[in-house]
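One structure, pasted below without further comment.
Naming follows writing order (A, B, C, D, E and F), and every chain is counted from residue 1.
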Amino acid sequence: MKGEGKQAIYPGTFDPVTNGHMDIVQRAASLFDSVVVAVTNNPGKQPLFLVEERVAMIQEELSGLDNATVESFDGLLMDYAERREAAVIVRGLRAITDFEFEFQMALVNRKLSNDIVTVFLMPNEKYTYLNSTIVKEVAKFDGDVSSFVSPYVQEQLSLKYRDA
Amino acid sequence: MKGEGKQAIYPGTFDPVTNGHMDIVQRAASLFDSVVVAVTNNPGKQPLFLVEERVAMIQEELSGLDNATVESFDGLLMDYAERREAAVIVRGLRAITDFEFEFQMALVNRKLSNDIVTVFLMPNEKYTYLNSTIVKEVAKFDGDVSSFVSPYVQEQLSLKYRDA
Amino acid sequence: MKGEGKQAIYPGTFDPVTNGHMDIVQRAASLFDSVVVAVTNNPGKQPLFLVEERVAMIQEELSGLDNATVESFDGLLMDYAERREAAVIVRGLRAITDFEFEFQMALVNRKLSNDIVTVFLMPNEKYTYLNSTIVKEVAKFDGDVSSFVSPYVQEQLSLKYRDA
Amino acid sequence: MKGEGKQAIYPGTFDPVTNGHMDIVQRAASLFDSVVVAVTNNPGKQPLFLVEERVAMIQEELSGLDNATVESFDGLLMDYAERREAAVIVRGLRAITDFEFEFQMALVNRKLSNDIVTVFLMPNEKYTYLNSTIVKEVAKFDGDVSSFVSPYVQEQLSLKYRDA
Amino acid sequence: MKGEGKQAIYPGTFDPVTNGHMDIVQRAASLFDSVVVAVTNNPGKQPLFLVEERVAMIQEELSGLDNATVESFDGLLMDYAERREAAVIVRGLRAITDFEFEFQMALVNRKLSNDIVTVFLMPNEKYTYLNSTIVKEVAKFDGDVSSFVSPYVQEQLSLKYRDA
Amino acid sequence: MKGEGKQAIYPGTFDPVTNGHMDIVQRAASLFDSVVVAVTNNPGKQPLFLVEERVAMIQEELSGLDNATVESFDGLLMDYAERREAAVIVRGLRAITDFEFEFQMALVNRKLSNDIVTVFLMPNEKYTYLNSTIVKEVAKFDGDVSSFVSPYVQEQLSLKYRDA
């Protein structure tokens, strides 16, 4: 229904959150009434950071945005989105391989819940080729990741790799 | 500002409007407070239909959607969008070649007007490979275009090619 | 030699078989004298279903097609195809990433056995973004996969995940 | 119906026919009972060679293949294919941009005539990046096109550009 | 032969030269002993600027680079490169569609002259989606192109469109 | 600085080195004063060959090239390149998926060390679809890999799989 508040969900693994992710959160927050950054638990994929750590890092980044929050979820995205009464799923699109995977997910999600619309946003071109995997690869060998993540995330990365 | 009405513009040539375009209009209309289908005049490209004819066909299709309207515009999209005080540009994404062209336009448009966000929607997979050029190609040789366009557009196409 | 019966092989992992796979089998069966759906054993990849289970599910689906059969094979596809005296390898093409992998395989296979032609078929656009991995992902969280696989496969998926 | 002769059509502009096209014709002729190379008339696109010249060049190339012929056609491919009672449309796939255009055509053609199957073949990797446009570009400036076209086509190209 | 000076050619239409082109020229000039920016005459394509104007604009931009020059050429690139005794052709790669076209050209050029190596450089990500066509499109409607081209080129564009 | 010797690094896993890799090494050696083939240690990825074995196989292949050497390295490529005072990183580009990964790496590497330029070379079209993974897949089942790797590497592969 038009005129009502639209809630958007921005799902992802965020292991860890990058400046590219935050660029998408800001765009989404300017478009919709509220945005929930939804961190998937996926223990099977062996993320570097625990889901609680990933949520905490995003919490830190959201301080200036009053209509964006963060939480974690388990199970199917569309079940979670329905429980949350979200109208929109937000995804960032950077590259061709993203494009194919994202389309596949969006089509399956549409089959599972036809009322929720997937919306694609394009990050600033500075972040076109940025992802969490490459950030971890660089951080692991003590490379400089200051143009890819916030100072707080940078610190968490070096703590994590110092422990390792 | 959040809470306010968001106006979206869905620009294109629409020569003629297809079921794939209307699928995007409907999704956009469910997401934003109002949607303007904005038909580019581009006389240089020698469209099959006059801009007035293209606007009239879309008008016909919009009858069931109370928050969507149609009009034509000249000049740069971003100048038009600013005059219209739009917050969002809506574009459909179907294929890889779309993807590259659309990203290019979105990046240039962002440089021209940073406050207007380009949002990409994905049409129903039935329309993944549909575009106006192929519809005209089929209609020109009297092929059946009934699964690609509305009956009204189908009629306009056959009138146009009968005249030719 | 022309005029003779042409045998086609449609190889894959089929973990499990989807409606998209069956769409390709049907097209292939209309084109060639006989089609063998050839299930690769690949124990290294840890499939969800045993090779016998995958063969049995396809057997179930083939009931209406009198010139299509199913069997499993080990080792190199081209060695198997030569033993089987097949003239054609059939592959479905859905997306760009498929395209690159399939071309690579086809070129290598051509080097290994120049007489066997790889033929690409395009599934119905409904199945453009469907694959076995996404079906398992949805089934695992008890999502509805009824538009992606047959009722029989759906049942096998829920039995498998109930056991897990 | 299985066991019967399958007729395939290989449509195109062939302005002029290249070694890559002939590679596809040979593969198709090994798979199907007969292959018709079908040259589209398309006077709107201002081809370099008249449709009769394009047919004559292909005629020359087909001398060794006893189940392949050439002819021209007007209008919609699928209408022509139905008149010809063809079971198969053959297309060569080389690159990503081909891929998208070909899928679009195949999907539209399937809508127009559901019984005719489009089959994609991959040319030898030597011809991956070869097309008629680039051959003409090189021939126009008197470059060496001997690895791209037959000696006969090479001669026709130099006659054409000498006249120009 | 190693140790000798390597001359590189950077060919293109440059209608007009953009900041993305200059980014590639600078990278090439840091790698090779000398770089010639080679402007193709191609009168058939109806460029906005005369070849002399395009050369003059690049001349202006090259002032700080002491091992780079500009000139125009006619005919086949590889004939020109051989006359110039160049060892290297430099091309910028930005997007997928570039990629396919560039590979095609590089393979044909290799067939025509096997000793000259085509080298691809990647512009700064700021220029990923920039090209001359989009710059002209924006300039034509009096949009701001200051982040895409130099002040001098910007002036030439507005003179050109004022005259039109 | 121009005129000086330029050192290039060609990094990779080379598990094992293929004819496609050697094609790139030869092109790079004709362009730059010296080329170091740099084998990444990456024990995490469980390569088939030990890093010493991979270096030894490349050593064997380099016998005819007097300005190319091989060595292994640990850690970040850009740290290694700086220690080596290399001016250039060489990468082969074959396919779309390469393209995206390579661009990502090149952009990150540029952020880490702005003075080192990444240069992309295109292998002979014979090697467009060749990679080490497919070579191992074929060799594992005792298929013929003689057109993909040198006789020496072929022997090492069969020793490795005989032991397994």
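Observations on the model:
FYI, a contact is a pair of C-beta atoms (placed from the backbone, for glycine too) under 8 Å apart; a residue touches a chain by one contact, two chains touch by 3 or more.
The shown structure was predicted, so the numbers you read here are calculated from the model rather than taken from an experiment.
Looking at subunit A and subunit E, the chains in contact with each of them are B, F.
Interface comparison, D-F against B-E: more C-beta pairs in contact at B-E. When the contact pairs of D-E are set against those of A-E, B-D or A-B, over half line up by residue number only for B-D.
Centre-to-centre, using mean CA coordinates, subunit C is 34 Å away from subunit F. Between subunit C and subunit D, the centres computed from C-alpha atoms are 30 Å apart. Remark: subunit B and subunit C have CA centroids separated by 39 Å (rounded to whole angstrom).
Multi-chain contact residues, meaning those touching two or more other chains, occur in subunit A at positions 96-97, 103, 107, 125, 128-129. Across the assembly, chains come into contact as A-B, A-C, A-E, A-F, B-C, B-D, B-E, C-D, C-F, D-E, D-F, E-F. Across the complex, subunit C is touched by residues 2-3, 5-6, 27, 29-34, 67, 87-88, 93, 96, 99, 103, 106-107, 117-122, 124-125 of subunit D.
Subunit E contributes residues 95-97, 128-131, 134, 138, 141-144, 147-148 to its touches with subunit B in the complex. Interface residues of subunit A, counted against subunit C in their complex, comprise 75-76, 78-79, 96-97, 100, 103-105, 107-108, 111-112.
On the side of subunit B, the complex with subunit C involves touching residues 96, 125-126, 128-129.
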